[in-house]
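Just so it is clear, A, B, C and D label the chains in written order, and each chain counts residues from 1 on its own.
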């Protein structure tokens, strides 16, 4: 066959593919879905900024042919906040991992959600720290095996969608890398929505997490997603459990709330109006 | 009625150092401030919170100093001159992202109103204990620029200077104030807008497809594109080549990048460094000082002259990069040097290094008040014999 | 709540009326003698016989006597109480006598009609029956009926033309109607048909407006793609669970069809009987109501919860597609229910001689409807599937799956003759030169305008040949068909070659009709269609109060009859709802607190959860409205603490005693439940099935009422045999009360074995209302037992009652 | 309406469902096998050949028909497979 050109080639940074991710890893699917959504919406790629933190998925910002920034560990949301406030025309997306966003970066997540800064956060949840070789993290299931839980995990994991909802996110969804169509639709919703939006994507990490937990291949992990998936749109995220038998998926929250950016510019214009007619010096 | 321009409050003011610094920032074109309350720098944030909206700028109080520094970098990449202000503990938290700013060559300003440390130390007491941290605080090899104001007026002037330098060299610039200059009230003269020199970062002169975000010009500084302009560029804290692509294995690229990041400062020291020379022409003893200490040093030198001692003062304004050349020069012509610092010996090491054989008398000061002129005078008398 | 009982000292004054019913009774019963005999019975103050007691004069006479002779009990010996009890009860009430003080002796269905040829025995039996009635009457007490409110909402099951009509009628009357249809659209079979006979107007053209009316009606809530899963409650107060299966397309769907254009999966379209293709996302037909599309997940590429293909989602501008839709169970509260679940068509593949599915050019009449329909797969061209050519000659074959014992469908499907006549005229209309044969057994053109249509067909040159083909052989090359058979008029063989054969397939009950049957405790005819409460006088009622029938679910019928029946059912339901309340027969139990030990046995056997045993309060309570009066609790109670009103132990004992007073050793005492076996016995009478006259039937509402002690009483009195009879298991009109009957009879059998008694003397038979035959033969069969019973056995069994049950 | 459906619909030839054509960028494939595992038409299988990274990329089974759902394209982590509408010859 002649030179094959993938339809999404234009959305990928030249010379960066193949990416660094393992075979069976779902990060590439998340990247695929993300550009898929942008393509569906025919968005102005110039106005899209992709920010990522540290970890396997952190490399994603390098693969999208957008303005991208690869920040320090856990700080992607804080950086993105600066970008978005400095130029509200930009669509600022943070795509990072569960450890990056919810362990070292947890504080930034809840505060950005609380402020309702208009940034879009996609979390690739692979249940462990992949890049460093598979240590347990804030989403590692109880009793799961990782290099730092050689006797099984004794920490309770976060329910990310519940955390996001409780922190004030206006759009909250959870899918897996197998539910790509729904994921793309949710990303599209998120990209068009104003306010702090969050999508958790459960993604297979067979090399690092799976093989230690009786799922040595991506296919095995994807089939687990298939078997366990229980789609409950608009249900209570507090009840959105993740167990070996059941993974509750869906769009849980979709509400309207004035964004920080909006209130900020309102405040600024109010102040400036007051300034007309001149206030005293400093 | 047309809106009064509130960007530069031209005129004479009696104001606090922190406030002056804020005014300097706004005059310099800073339109983004992200910070976290901390004594004795809080007043900078308070002033910014009040003033930025007036000039269409953005003030945001973040959840900590880590995120403050991150947001400042983000805003800068979005094309807005940005800063934060803090003190010791917060400055420590910022170090990692200061390193990121260095690595991604991000113009931004950090005002560090120094207080007594280590740890929580003495929040309301002055100190000069972060001088070395300013240079070496973040991990890895890098150069940085730090300025030390010694008056409220300089809190204004040097903050502007800091922004200009950061824009020219794409590097974070630190204003090393201290609790005294920060909280002291003095008269400040704010010149007319026109009289204030403002510099902005170089923009790319090539179309997006030709743009390499980290490809330097002759001055070793790469032009900086802004998010949203269609350049689709990528910046990473990883070692990267001129196109911004990660180069995590290539020794070649590591060498190339780190050398340039340092050389763009080292090769421009003459353009960057500022010092103040007082009665040095015939001096055979000299005080080398910076920040608030230099005010006591100056009166000590004057008194010494009255006593017939040929004393002079080299006041360091640009703490980093360190003005080796000037110190070495003074060292050659003098018998001894006196270095008063509000710490237990930091910048004095740099002085000793530069002074070679010339003896250096160090005057430490911890807690309580800053040096009294007489303490420095005594030192001059002693080294003069 | 029953009003003050007649004071004990009050003298009981019974009037007896023996009806001749023309010669229906008088033909084989000496009514005069029966009346004379009656006058000798205790408490009887007058006994008369007259020609038609049910006539106005007859009723007037009763009223007059009640007043003049101060009658406080009335017994009429005539037909089945299932027929005229209401009539006489009304008469009594008009004369100021509580209707529960009236009793009937069924000397027609159970006597004169079934023993036509042995007048003395018949007369003797009639006397016995009157004696039993009088005995019971003496113990009757007046009752007040409880009033149950009726929810003014109706449920219609089935969205065919019958269901639609019924729903519209009730909705227009002002009642909220839930119309449940299991298919994605309402319309039913009529929507598939091209033209209707005899008027030949376009079927969908006249149906579509009704469909959209039903869809738009403010009082009608359409529940398509839905099935009734559970029914609880009773007349006026049904609680119904409906399972609404997901369409995967929301109501927002504008039916633009863009999705189907993109859809990648296809399958033959059921609506066109597989002659056309549809996509996985589709609307069954152009006029479908609701017009909302639906996704067939069986062929859709998206399995489980994974959306592999999102073509339709992308194609849908208004975002109406939702693969996450889940089945929902909707709970309805309705007062009345109309069952219009329709029928299936016969699958002729089983009649191998006709070669359906073997020969391409043999089609069914349903396929024909789609082919001849302008909107159909062939654009209205009657083409042969083999070569898409219009046939020069066609043959219709009638009674395919009807009137055919071999095919297991003995009945006439009612519409096929006229349908074929209609179809033949349609062909003639489009292709006049076509040669048409119609092979039939009999042409049944009984309806209004039918005969004219038949004549027209003959005039148009359609050849009607009596005698169905014995075999069809295909010409391999041309795919033409040879029909071989005998013309039974000419008494000669025929071998005719045609281009196409149309099998006029019959109508059969829905394959899963027993689901509905169970849900509503309906009964079925032997043909498998639902049975009406009375074939003539209550043709749309079912034995279950508040539930009515319409359309082909009741029997094969054409559109006109379906619509007529639907309107009738709607009217019957509306009457209940307009009254807003219904009185429940005062046949519910009363608790005698002194005797009740609150053991809870009654609670366990009650099919309606209508009893609450409150151990703390030491009290058992009956929920009157929920109780249907089966009496199985009364039969179960070991302490005789429950009195079944109007069917008290004493009253039944009295009937047993009266029945066994003379020649007990030759008699069969039969306990028959009101709904099935008593009606079955009536049916035997109506069909004049003869059986031995020595059976004495005692009517109970349910066989569950038959307490072992009744059986033992009958034996104690020397009865030769006892028959306990009720509805088939699963058909019980009291859900499952007859399960208790079975247990009790089995206990009795064990006991009889222990006592060395011949078990055959006690028999248990499940006899439906349609099984008159079965009833008759049962009695014949038991007659042999009776003839063999010895004196000793009789004596031995008299002790049975004294023995404790095992 | 459970009526026996057995004939080939008369419009079978008229109703054209688009046919897909799968393209595989072998060099990019890392062999996760998702496309093979989750193709609703089960029309893909591992090939015999190796790509430069020593992986057997997928290939289309003989005579199998792509429904053009393009799920393989959507679920591929490596942008190594995509499907396009097959250009149909007989001017359909």
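Methods note: a contact is a pair of C-beta atoms (placed from the backbone, for glycine too) under 8 Å apart; a residue touches a chain by one contact, two chains touch by 3 or more.
Everything numeric here is computed off the predicted structure, so don't read it as measured data.
Peer 1: So, comparing each chain's Cα centre against the centre of all protein Cα atoms, which one is closest?
Peer 2: Centre-most chain by C-alpha means: A.
Peer 1: Given the contact rule stated at the top, which pair of chains has the most C-beta pairs in contact?
Peer 2: Ranked by contacting C-beta pairs, first place goes to A-B.
Peer 1: Please tell me the distance, in whole Å, between the geometric centres of chain A and chain B computed from their C-alpha atoms.
Peer 2: 37
Peer 1: Any idea how many Å lie between the Cα centroids of chain C and chain D?
Peer 2: Chain C and chain D have C-alpha centres separated by 54 Å.
Peer 1: What whole-number Å value describes the gap between the mean CA coordinates of chain B and chain D?
Peer 2: Those two chain centres are 62 Å apart.
Peer 1: Report, in whole Å, the distance between the mean C-alpha point of chain B and the mean C-alpha point of chain C.
Peer 2: Result: the chain centres lie 97 Å from each other.
Peer 1: Which positions in chain C are in touch with at least two other chains?
Peer 2: 306, 308, 310
Peer 1: Give the residues of chain B touching no fewer than two other chains, as numbers and ranges.
Peer 2: Where chain B is concerned, no single residue meets two or more other chains.
Peer 1: Where in chain A do residues touch two or more other chains at once?
Peer 2: Within chain A, the residues that touch at least two other chains are 178, 180-181, 184.
Peer 1: Give every residue of chain C touching chain A within the complex, in rising order.
Peer 2: Residues in contact with chain A: 304-308, 310, 313-314, 324.
Peer 1: Note which residues of chain A are touching chain C in the complex, please.
Peer 2: Going by the criterion above, the answer is residues 40, 178-182, 184-185, 226, 229-231, 233, 249-250.
Peer 1: Across the complex, what residues on chain D touch chain A?
Peer 2: Residues in contact with chain A: 23-25, 28, 30-34, 37-38, 55, 71, 73-80, 82.
Peer 1: What residues on chain C touch chain D, complex-wise?
Peer 2: For this pair, the touching residues of chain C are 183, 189, 263-266, 268-277, 301-303, 306, 308-311, 344-345, 347, 349, 357, 360, 366, 377-378, 383, 385, 388, 511.
Peer 1: Inside the complex, what are the residues of chain A that reach chain D?
Peer 2: 1, 4, 6-9, 12, 17-19, 21-29, 31-33, 36, 177-178, 180-181, 184, 217-219, 222-223
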